[in-house]
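The next part holds the structures, each set out as structure tokens.
In the two complexes below, subunit A is the common chain; its partner is subunit B in one and subunit C in the other.
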Partner chain A sequence: MSRTPLDTVEHAAATPDVELPWAELGLKKDEYERVVEILGRRPTGAELAMYSVMWSEHCSYKSSKVHLRQFGEKAPQSDALLVGIGENAGVVDVGQGYAVTFKVESHNHPSYVEPYQGAATGVGGIVRDIIAMGARPVAVVDPLRFGAADHPDTKRVLPGVVAGIGGYGNCLGLPNIGGEVVFDSCYQGNPLVNAGAIGVMRHEDIHLAKASGAGNKVVLYGARTGGDGIGGASILASETFDDAKPSKRPAVQVGDPFQEKLLIECTLEAFREKLVVGIQDLGAAGLSCATSELASNGSGGMRVTLDDVPLRDSTLSPEEILMSESQERMCAVVEPEKVDRFLEICEKWDVIATVIGEVTDGDRLEIYWHGGKIVDVDPRTVAHEGPVYERPYARPHWQDALQADDANKLPRPTSSDELKDQVLKLVGSPNQASKKWITQQYDHFVQGNTVLAQPEDSGMIRVDESSGLGVAIATDGNGRYAKLDPYTGAQLALAEAYRNVATTGAKPLAVSDCLNFGSPEDPAVMWQFAEAVRGLADGCLQLGTPVTGGNVSLYNQTGEAAIHPTPVVAVLGVIDDVARRTPVAFQEEGQLIYLLGDTREEFGGSAWSQVVHDHLGGLPPQVDLERERLLAEILISASRDGMIDSAHDLSDGGLVQAVVESALLGGKGARLVVPDGLDAFTFLFSESAGRAIVAVPRSEEVRFNDMCGARGLPATRVGVVDGDAVEIQGEFALTLEELRTAHEETIPALLA
Partner chain B sequence: MTARIGVVTFPGSLDDRDTQRAIRLAGAEPVALWHKDKDLKQVDAVVLPGGFSYGDYLRAGAISRFSPVMETVIEQAKAGLPVLGICNGFQVLTEAHLLPGGMLGNDHLHFICRDQKLRVENAETAWTGDYRAGQEIHIPLKNMDGRYVADEYTLDKLEAEGRVVFRYMARDGVANERGNPNGSLRDIAGITNEAGNVVGLMPHPEHAVEPLIGTGRTDGLPFFTSILKKLVNA
Partner chain C sequence: MARVVVDVMLKPEILDPQGQAVQRALPRLGFHGISDVRQGKRFELEVDGPLDEAALARIRDLAESFLANTVIEDFTVKVEEAAEVAEAAK
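And now, the complex of A and B:
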């Protein structure tokens, strides 16, 4: 776009016929026409830049919004929710005056283009969301999905992603306590790099993203603005990849975790001194987003002088400055008399801080450059009143055939030897194998409050040293289940994360989600999305856990091939005293192993069907959320009252996978007996939901049984912690050594 | 009376608050020290904590070594002030030439975080009096640049003078390459200066001080009780 003369508002009004590159910036024709209609003239180049990034799929949720409304409409009554959807992150009351904020986001597309920086800046972005709420970040989690484990490109993407997450998170001093690593060829070319973070604050410290109070100053602080990440949101996150187009590498931002660490400390110190009226981090869409959101959420308007933005590259145009996604920047609204102190704190931490504007009386966002007014908009039209699409959706024509291809009819093992071989194959398959090679690249210990970290069912952080108050978080998702039935699949993800929080002894409170799907322009994908959102919203209502926020990532597809619909659900829970937490590992020989819940012949989407038959078909396991709630209550009571010493949820891989993990982590074997009414195969491999195994000390058996009986939860004694093998009586035994080799050597062999 | 133990915060220090907690749990009084301030606030000992000071840019510890606080730390360490460098703090101590040798990137080129078995080789330093020589302990390890190197002459001298304080061990109790997490020469995890008042190690004792937290062991607490006893009895 030409800048001779400067494309001011005045100039734009006088030159209505100038052609602007709206299509190149990702706007559709009708969207551009709407901008013209809103403004009553053509936009200036700078205005076009702002509208184009803010109206991108990534920032505006234009395809997903009509469905996401259900999270609000069906929100359960919850006293715990302090801040709901719409802010940088939701905030939950965890008691004793503490509030916890948490959120999961995607950084999928950048991580495919440039694995290290894409993943690193994903961590950086979610952590700034947490700081922007007023909280100290205390932990991160990373649900990751890659193509086939043995595909050469996985060896390019995965090590880079893992190193990027570690490189950034470790340097920030945030323990990485959970997440997942899943391999499936459907993610080839579209890896899912989701990042979650938790922060802790006192109730009175909650901060919101709004600019109020005419005369208050707008302070931009953190890194200088450079040319990196320009158009990241509109170009990268909102279009499918196409080999014919040039490399998009320059659109990926570059992270500087050291700068972000300083930003955390400096922001928290400013909060402590009550210097901040409103705050917003600069993530996708950079200054365009921060200024328009702050202004539209506040009571007044905002005037910004773009010349005052500290630049890394002095040749940047005003459009580029507005669109830049340079990392490690924040924007604060500060009362005039507190600005000096705010700047002093920034200087203490060697953080560059500059007053770039102020809150005004009006309701306009005005941006100046070289003395000319280059933006004059109603900020709400940029930030909140973007296009909303009712995309057509339709159940795909292949769904019936997929569901009819029943996994329960696959050939099952016919001998004990075959059963044993399949167990070894399962626990050593990439998805079921130990992820230690990956997780040991993350710091679990920093901050000295980590009670549980992966491979535990949920990560747990101590919040208060004197009382022992703690929070737990689990993230789960199963694209295979969701492909078979997106509504049920989303509920299964919710149920699993809910259960994982409860198995560690914490009470589930709230939900965040990261919804990863293909192109919304494909009615089949849109149907998957609509179904998954409906399932999740219904499920959250039934379990009483509100959705506090989250993220949608669309266009995860290469050509015609979309990824499996992959809703990833994070559940946050609270535990009164972390000393009562329940670990996965078997603790003591002689303890009794109980199976809680009902086991049915459910193999659709199962790990067994994938590992043994490379099959995906049939129906996913049934969901019974009332049962999940009962199971959770039992697990929490049993933990609180000291009736169980270890617990593990049953999910992909079924009971045998859970027993093997508990045995290997505890270094203690198990002798199991197939219960009446089940065959060995179903007992070991079924993936029925609503189940867990627990280890009960003999002295507690009566009390535990009585509790389950009184509350109507099926509890079946299936074995005992014993020896140095996992033995299924009458079938086979596998030594811990054999199992350890199978379970732990797979990932290093593929990736190291 | 109790002892006042300073913990320096550099830009990018991460385990400063954890170290303060460990000092408190041991019964001493932690004192926060700031990198830009030369004043050590009359503390009786100093800990340089772990982290990524200045992002480990240039070379781990290379920039922090020149911070104002280090001028005083170097001067007083030479006069006998007990100083403990943990991980990044160890790197700062070698950069400051208070300890010999230096740290390179891990031989496998990855960050590594794990519970690490160590053997205490020297229980005579200011920071290890509460251990026994030959005692085996578990302390979390987490670093990117943890590979201790020095020339042969220095290594021989360290060994001859009993200045190797900790060695990496395998689970089965031998010091060998399976136990060595990063390719450190002679499996060295920590060393001391000639006087025994300055100790540096890569593993993190401040992460092993509470039974519930981290790995659930308290094998790191004796670092902080050792110095407290030494200071209080002095």
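And now, the complex of A and C:
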């Protein structure tokens, strides 16, 4: 049927002058020349397809790799780390024989083009990463960032994204326990849809993505392969959006959560029966990625017959089959004598499974189509030895002016009434308002192990019913801080997530990150990236929490305008008994409110400066990671020993935001006194890091104070849980009703 | 009054979980010989006034911007003649 002859390896060798569309596939001239050099001939069409997707920014990390190495070089010693960077997801020991795997990824670009399916397949992809490690997925989290809350396009993107996350996650039966929703006009053309997932397994169940043992079979199972999302990774996630070129928008993928649910159960059953030698999910770059990564991580080579791949569309070319990003597919390496049983399990779960090849004792990845060899490559050159760029980076010329534009000099409220108005305005602003309208569209409690979910400081899941062992996860990031100082901003994101985990009573163990930045070809953006990675790596080393993996999303920009540098950090923690967790809500009237940590005049990048003055300038709050560690230890001890009944971390919006949230969630007011040495404004709105408020029962006050005193943590009694208003003595009082209206009606009014 | 029919179908390369679910159900229910099912949406628009080129252009516009999600769906616009309407009613 096809008039042109099949572009086999022999054909390619015989026709060196044939022009290939390497530029259209996103390769640069020197990259194409490198492919030719590696192969010693021109690549076949299929080889070109593989190299182009695998060497794309999204898959190869070619711009970020030189910086990301720091996560390995500066990794702190941690007994908890079972599997580190480089696998589908990191694995952490949480004790009692359990291991937990978790990861955060981005699905930013697809979600802008098609919000529902983009966000849905983002959840699907991260969940498959978790299954591929051998774990049962137990929860998902979604840190989201959109353009201005009142922009019309936000009303298109946000409801679609939220419905997509809810639709996919709810169908899978996974509780959504955390995340964030942030609005900022810098994300208008580039919303950030990050998705995280947690999975639980026993230590002995860890599986890795490698194909070893000559003669072992390569089984592709899950959905049929169609023409969806071809080149999505290389084109979508690696180029700047440009409205002038609509043809650059390839078809996005549509996911099928019910198929994914079958894939989870089928995979876990195969693991239980120990049928799997190595496994890889098919995400970006599809079969190109799965075959080359499995082969290059194993001991031998691999031979694949592409004709055996089950297709949804019989007209697909071999290049398209290799590049397709059809969802809900996995690739397993199975010993020959176990293949029958593996296929039986797949059939039981109604999952299509096909042997498409086998592991060989050579070192080549060979792919056949209609009897001809169309790929013959060293898999390592495809998967691991892609181009590495030392992109030039330079501190942007505007950075000094931005930092000099000191937010501490902005006009402050001059009367109690003005202070009160600004408090109401703050707690009702889109970023500080309750996100209940969004998060209630997700199922929080399915599976029955959710201990804490939004709007708590971290999500918490019970891992073992009899012992009460649990894990907590928090994701945080503040693009405004990072814009002012990327190094400090990244550490503040880490510090906040770390603190959030500790606030709920869990001990922080490990980190995953999703680094969202603009174009790496812009030296200013590259500087932001380099600084943020350095900050995060230094911070993780100091806190003793290794980075276990994550994801980099570059090219988040429209035209010249890049998003704020937005490193999103997820911290995973463990708690011995979830019954000892600490909630945000005030529990009992009469309990004493303590402010832990030091409050300074720090308003750079603050919510107050944004809400009241629409201002971004100055320096972000200082970071003191030793203080963060001490604060975390105190919060964990106090929770374990029953010295506090509620706790809330202080971050954007400052103390008043935290108190209002604790009060509204508990349905109990608070009477606060401005402590000596602070003015009311700084007390309420400062965003100094390393702080939390806790509610201490009167019977525990002495013990709690002794502990803080002995450990050297400043603890100041600032008020009492009482009444049905938040009252700042000598300043103003706002009833819970007024606060609730301001805090909870903003988001539905804008988006519902 | 004229009737215009807008048919919206997922693009051929896009996965159609609903269509697949129907296809999988067919043999279970004893219906054999169907190799593929794709499911779409049909909109019947009753148009006020004359159905001239301008009116059709407006309908194409509304189909493109509202009835179909052209990122993942294709659509066709066709005018249903009175005879066809009668035929369909039989």
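Everything that follows uses one rule, which is that the second predicted complex is superposed on the first by the 744 of 752 C-alpha atoms of A that agree within 3 Å, B and C clash if a C-alpha of one lies under 4 Å from a C-alpha of the other, contacts with A are read in each partner's own complex, and residues count from 1 in each chain.
Heads up, the rule we're going with is that contacts are C-beta pairs under 8 Å (C-beta built on N, C-alpha and C of every residue); 3 or more make two chains touch, one makes a residue touch a chain.
Computed from a predicted model, the values in this text were never measured in an experiment.
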> Are subunit B and subunit C a fit on subunit A, or do they clash, once the structures share the same frame?
Replying inline: fit
> Touching A:122 in the superposition: subunit B (first), subunit C (second), both, neither?
Replying inline: neither
> Between subunit B (first) and subunit C (second), which does A:258 come into contact with in this model arrangement: first, second, both, or neither?
Replying inline: both
> Once the two structures are placed together by chain A, how many degrees is the angle at subunit A between subunit B and subunit C, based on Cα centres and rounded to a multiple of 10?
Replying inline: 60
> So, A:226: does it touch subunit B (first), subunit C (second), both, or neither?
Replying inline: second
>> By the touch definition at the top of the document, which applies to A:167: first (subunit B), second (subunit C), both, or neither?
In response: first
> Just subunit B (first), just subunit C (second), both, or neither: which does A:312 touch?
Replying inline: second
> With both structures placed on chain A, which of the two partners, subunit B or subunit C, ends up touching more residues of subunit A?
Replying inline: B
> Can A:654 be said to touch subunit B (first), subunit C (second), both, or neither?
Replying inline: neither
>> Using only CA atoms and the superposition described at the top, report the least gap between subunit B and subunit C in Å.
In response: 6
> Looking at subunit A, which of its residues have contacts with both subunit B and subunit C?
Replying inline: 256, 258-259, 350
>> Applying the document's contact rule, which stretches of subunit B touch subunit A when the two form their complex?
In response: 11-12, 14-15, 17-18, 21-22, 51-52, 54-57, 108, 110-114, 140, 142, 144, 204, 206-207, 209-210, 212-215
> Okay, in this complex, where on subunit C does subunit A touch?
Replying inline: 10-17, 20, 24, 69, 71-72
> If you look only at subunit A, which of its residues touch subunit C in the complex?
Replying inline: 113-114, 117, 223, 226-228, 230, 249, 251-256, 258-259, 312-313, 326-327, 350
> Where on subunit A is subunit B touching in the complex?
Replying inline: 163, 166-167, 170-173, 256-259, 261-262, 349-350, 439-451, 462, 465, 578-579, 581, 752
